[in-house]
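Heads up, the next two complexes both have subunit A, just with different partners, subunit B and then subunit C.
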Partner chain A sequence: MSRRDRVTIALMLGIPLLLEATFIWFPAIATIGLSFTKWTGVGSVHMKACSSTPSVPGIPQPGCLYGVENYHQVFTNYPDFWPAVEHNAIWLAVFILIATPLGMLFAVIIDRGIKGSRIYQSILFLPVMLSLALIGIIWELIYSPNYGLINTVIGRNQDSNLIDWLGNPHLNLWALLVEASWRQAGYVMVLYLAGLKSVDPTLREAALVDGATGVQTFWRVVFPAMRPINIVVLVVTVIESLRAFDLVYITSGGNPLHGLELLSVAVTQNIVGETQRIGFGSTLGVVLLVISLVPISIFLYQAFRREESHE
Partner chain B sequence: MTAATEELMHPPVLHRKRKRKSTAGSVAAQMFMIVAVVLWLTPIVFALYVALRPIAETNKLGYVSLPHHLTFENFIQAWKQSQMWHFFLNSALITIPSVLVTLLLASSFAFVVSRLRFRFNIPLLILFTAGNLLPQQVLITPLYRLYLAIHLPTAITGSGLLYNSELGLIVINTAFQLGFCVFVLSNYMKTLPVEIDEAAIMDGATIWNRFWHLTMPLCRPALAALATLLTTWIYNDFFWAITLISTGSKRPITSALANLQGQFVSNQNMIAAAAMMAAIPTLIVYLVLQKQFIAGLALGSSKG
Partner chain C sequence: MPDDSAQSPSLPLSRRSALKGMAGLAAAAAVPTSLLAACSSSSKTSNANAGSATGPVTFGSNYSDPATKAAFASLTTAATAKTNVKVTVNTVDHDTFQNNISNYLQGTPDSLATWFAGYRLQFFAAQNLLTPIDDVWDKIGGNFNDAAKSLSKGIDGHYYMVPLYNYPWVVFYNKSVFAAKGYTIPTTWDDFMALVKKMKADGLVPLAFAEKDGWPALGTFDILNLRINGYDYHMNLMQHKVPYTDPGVAAVFNQWREVMPYMQNGANGRIWQDSAKLLENKQAGMMFQGSNQVAANYSAANLPDLDFFPYPAINPDFGQDYMDAPADGFMIPKKGKNQAAAKAILEYIGSADAETDFLKTDHWDVGLASGLVAPSYNDIQKKSAIEIAKCKNVSQFGDRDTVPDMATALEKLIQTFIDSPTAATIASIQKSAEDQAKTIFNT
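Right after this comes the complex of A and B.
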């Protein structure tokens, strides 16, 4: 291999690697390190315990080592944390129990080639193209208390009997989950359409010849044969539930809104505004990181297992 | 590449005739799909309807009422008052370079790890693939500090920092999407026959020639599908722009919608009009390149 080729290869590998290392993996690992510090973002982080650097009134304290105190506070003393965990879990549950089966059902019906399936596919897929910010805005018209579609239709649009879908902390999470599922179902549908086409049609025919019903054939033959897609859908579902942020931000106007606490929103709240809590925000980031490593590992195992065994 | 992706990349055969004809089942399926489609279209059609009606009329009659006037006035006013062209320009300045750079870097990296014998192929691919699956919020706190710490000449970024600059958004969008594109392109390149390289090696072609003149033209279908996906995703990005840009006027259109919402707070009709206009580029992609978009998603999920 010539010297010139070596330089070419070094650049072709090196530039992407440098970007990925600097802007993805360095922050991902730094978030772990920062989670053991207390830092308002002023000055730099000193490698000294916080107890040995007393804070002087009026002078911002530089960063210092805080041990596991952030974790202690997150779990015991941060009012948003457990609601956020609960809401993320509900988000995931709704995606798995409602949006995913719905998307799968759409895909199965469309895959059977019923009349108009091409139009159905296009319409159900439309929300996937829209940004979540935009989805949040157009659904506000549906949920608007005085003028909105739902309240007007059900006759709850008078000041005396309004339903505040997006403001009421018992309702707003569910209202947003309708919006999120409206998009997610179309996404899942497209993934399963690809999956259904990859299933060997002779498998299905053999099952039908053997006297299995359509439903039995799907659950016993087609669904297991789609294992790779099932895993992709599962991973996408978990990751999307952890990332949920845009809809909440648009709906609440960027301010905390009771009923809509989420881990992703909590992380962001600690770096914006006057008082930055870099260490505390990082601790919440680590919690997200640890949870997300589960689906990420599952996906990597399934995607790369085969190649490892080839080596 | 699986048969499924093959089918999606080329004209798809959707209407496979089934021998079995269960009439009751078909009727139920049709009913179900019609209800679903109506429900799915309602929010979009309703927003468009609100955007087309004057605020004076809807204030009196509510949104759910028959129209007396339909007008584009809300669109015109929203466009003028918020200087929307400026936000569209920001989006173009961020999206186009991000897509091109991501595809160039991802394909060159994918070429080395999939077409050349290289010892660390698998660990490198895992590093990139996993990086793309991390929730953005895991990265944001240190990234935010990193962006404040990287100083650049004001001629390049305006802010003198990577923070609050368009370049900063190009960098993070590129870095964040690299993983997915490397994963898809390396899988795609592995399916290309080895023979195309052998003749070139005999002729003494350089690595760059083998990459740029031999491999890249064969990757066109995958590159087209990825370009469609990336354009939509980066255009639709909200999180990076909200957290890494502090000056409202520097934001691309998707995140600027949050500010417009505040600006037009008493005029929902104008917000609806602005939102509809912000959707136009993605709707063009949807109408013209829907097949490419779906093919891209299929490529991303076909491995395993």
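Right after this comes the complex of A and C.
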């Protein structure tokens, strides 16, 4: 390698590494550090235990070290935490079992070149192009109890019989999952369509010649051939479930709405706002980080192992 | 790459704060006594920011709605004419302003800023982020009564705010509906219950009610607590000097259970504007909310039909002595520039003239200066001023009288109660409220 090459490599590796360290690793480590403190964001954090810092009831102490007390509170006292974990899990299950297979189904049907496939494709892809904030507002109009589309059409907008789609804690998560799946299915469809187009058509022809039915061709030939795309879709699905946030935030207007607790929303509610519990919010962030690391590690392990075996 | 996007819901928000936090940790490590240092340097800071008495000032405003923005502009124009201080208004969206207040006050705030009275003022004053304005109050003190004075003070007893207006939380109704059906104004709980039953029989929604925004139902909690247990108890509860497991709190929710079947269904999913619309359309008989919302939301054509009465008495010991009447006003951030000029502006704003000027285009709030009856007042405003003045004490509001984290926790528990108003729910939300209060108030 010439000197020039070495400089080029150093720059090409060094700059991304520096950016990565500055904007990802440093804040992540800082978040972990802050999760052991109690801090409102006013003034600085002092290297003193909170128990030895003077306190006036109702007025926040200056930033101080809090040990694992935040973690203790998250797991035992904070009423939003366990519902949030449950709702994130439900979100993931619905995406994996309903939204993603639905998107795959759309893709397969459209890929068969049915009449008007471009129109269907555009319609199904439209929600993906809208921002989640806009989707939240659109569905708000559909779900609104007295003046919303659904209740008006089915005649359940009277005080005695109305259905409270977004307020009822047994309904609102499912109502939001319909919104989220509406978008997720279109997203998966596009990813999958691209994958289907890249499958070698001779594979299908060979299967057809061998007398396989359409279903058999898909499951036995096309699906296994699309392994890389399948993994991407699975990763996207897991990520989208863990980062579920926008729709809930828009729907509940930044306020806590019972039945819609999610980990990401809990983090925001504690860290952003008029008064901030940054230590406590960081603790929730760390918990979310640890949960996110599980699928990421599995994915990276799989990806690297495959690359090594190819060599 | 995947880890980046997987974390993105939480981290961009915590990143910013985390960076600050790291800077804070580093600073703290280098200067272990920075708290003391900050205290001793703060007096110097305010001197350094004193500036000239006529220097230009900037005014951070959350009056972002067109109507209030216009009213605010006419107030600052009048202030400039009176004091020769040039005022530049920086308007920020209401919610954004509130959510960023902590960073705003610590960064480069304006010379003056809009804010709320009560605990929400004390919270920031106690953290040394505001300039005390006792010297302003030496001059304007005569314009205000004791209630207005006490809500402008921090817990250290110094003044930190000049209030502008407040508005009452009362029961609104349409005069035409009451006249047509022969309803009379209830003053006791029994009359009130008889009325809601009659309304229900007449096919009306007796009490329009919405809680999706989180805060409106706190108003009902406040008024029931004030009526049943009185002002002192309410304030002690808000400051967690009384535990949430106290039987007094159970009494509030039990009273609420009685009237719950007559309140609009599905409140948790409804924004308050929809409830106000129901009242305006005469499909609802009454609505308990602030005039700043209900009256402000009424169309000009229907406004003359709107009237209100104070929430009926429950415990004869307290009658109708108290109500929520939240006040808004102005403060001087400690880091703001040209504080002498800012104080001159506040001296003007703390006068009946200034309030009259502001209220020219505002038809739902009332000025706080003693005995002020602005010529522009409509019937609602005239009555508001009278009813507020009649009170022995006014509280600010659930989310203004307590730590915001506690208000949020309480809002959520009240939503649980609305969803299933049973004795078992009451017991469980009392326990949860107390558990959370203990960590939030650190007792």
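The working rule: the second predicted complex is superposed on the first by the 267 of 311 C-alpha atoms of A that agree within 3 Å, B and C clash if a C-alpha of one lies under 4 Å from a C-alpha of the other, contacts with A are read in each partner's own complex, and residues count from 1 in each chain.
Following the convention adopted for this analysis, a contact is a pair of C-beta atoms (placed from the backbone, for glycine too) under 8 Å apart; a residue touches a chain by one contact, two chains touch by 3 or more.
Everything quoted here is computed from the prediction, not taken from an experiment.
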Touching partner for A:F299 - first (subunit B), second (subunit C), both, neither: both
First (subunit B), second (subunit C), both or neither touched by A:P145: second
First, second, both or neither for A:G63, with subunit B first and subunit C second: second
Partner chain in contact with A:G253 - subunit B first, subunit C second, else both or neither: both
First, second, both or neither for A:L242, with subunit B first and subunit C second: both
First (subunit B), second (subunit C), both or neither touched by A:T31: both
Touching partner for A:W219 - first (subunit B), second (subunit C), both, neither: neither
Partner chain(s) touched by A:W82 [first = subunit B, second = subunit C, both, neither]: neither
Of subunit B and subunit C, the chain that contacts the larger number of subunit A residues: B
First, second, both or neither for A:L19, with subunit B first and subunit C second: first
On subunit A, positions contacted by subunit B and by subunit C: 23-24, 26-28, 30-31, 34, 41, 144, 146-147, 235, 239, 242-243, 245, 253-254, 263-264, 267-268, 271-272, 278, 281-282, 285, 288-289, 292, 295-296, 299-300
Subunit A-touching residues of subunit B, taken from the complex the two chains share: 2-5, 7-8, 14-18, 20, 22, 25-26, 29-30, 32-33, 36-37, 40-44, 46-47, 50, 58, 62-64, 105-106, 108-109, 111-113, 116, 122, 124-131, 133-146, 171-172, 174-176, 178-179, 182-183, 206-208, 211, 232, 235-239, 242-243, 254-255, 257-258, 261-262, 268, 271-272, 275, 278-279, 282-283, 285-286, 290, 293-294, 297-298, 300-304
Subunit C residues within the subunit A interface of the complex: 2-11, 13-15, 17-25, 27-29, 32, 34-35, 38, 95, 98-99, 101-103, 106, 119-120, 122-123, 126-127, 129, 155, 205, 211-215, 239-241, 264-271, 274, 278, 402-405, 408-409, 411-412, 415-416, 419, 432, 435-436, 439, 441-443
Subunit A to subunit C touching residues, read off their complex: 23-24, 26-28, 30-31, 33-34, 37, 39-48, 55-63, 73, 77-80, 143-147, 159-160, 162-169, 172, 235, 238-239, 242-245, 252-258, 263-264, 267-269, 271-278, 281-282, 284-285, 288-289, 292-293, 295-296, 299-300
Complex contact set, residues of subunit A against subunit B: 1-2, 4-5, 8-9, 11-13, 15-17, 19-20, 22-28, 30-31, 34, 41, 105-106, 109-110, 112-127, 129-135, 137-142, 144, 146-149, 152-153, 157, 182, 186-187, 190-191, 193-195, 197-198, 208, 214, 227-229, 231-233, 235, 239, 242-243, 245-246, 249-250, 253-254, 263-264, 267-268, 270-272, 278, 281-282, 285-286, 288-289, 292, 295-296, 299-300, 302-304, 306-308, 311
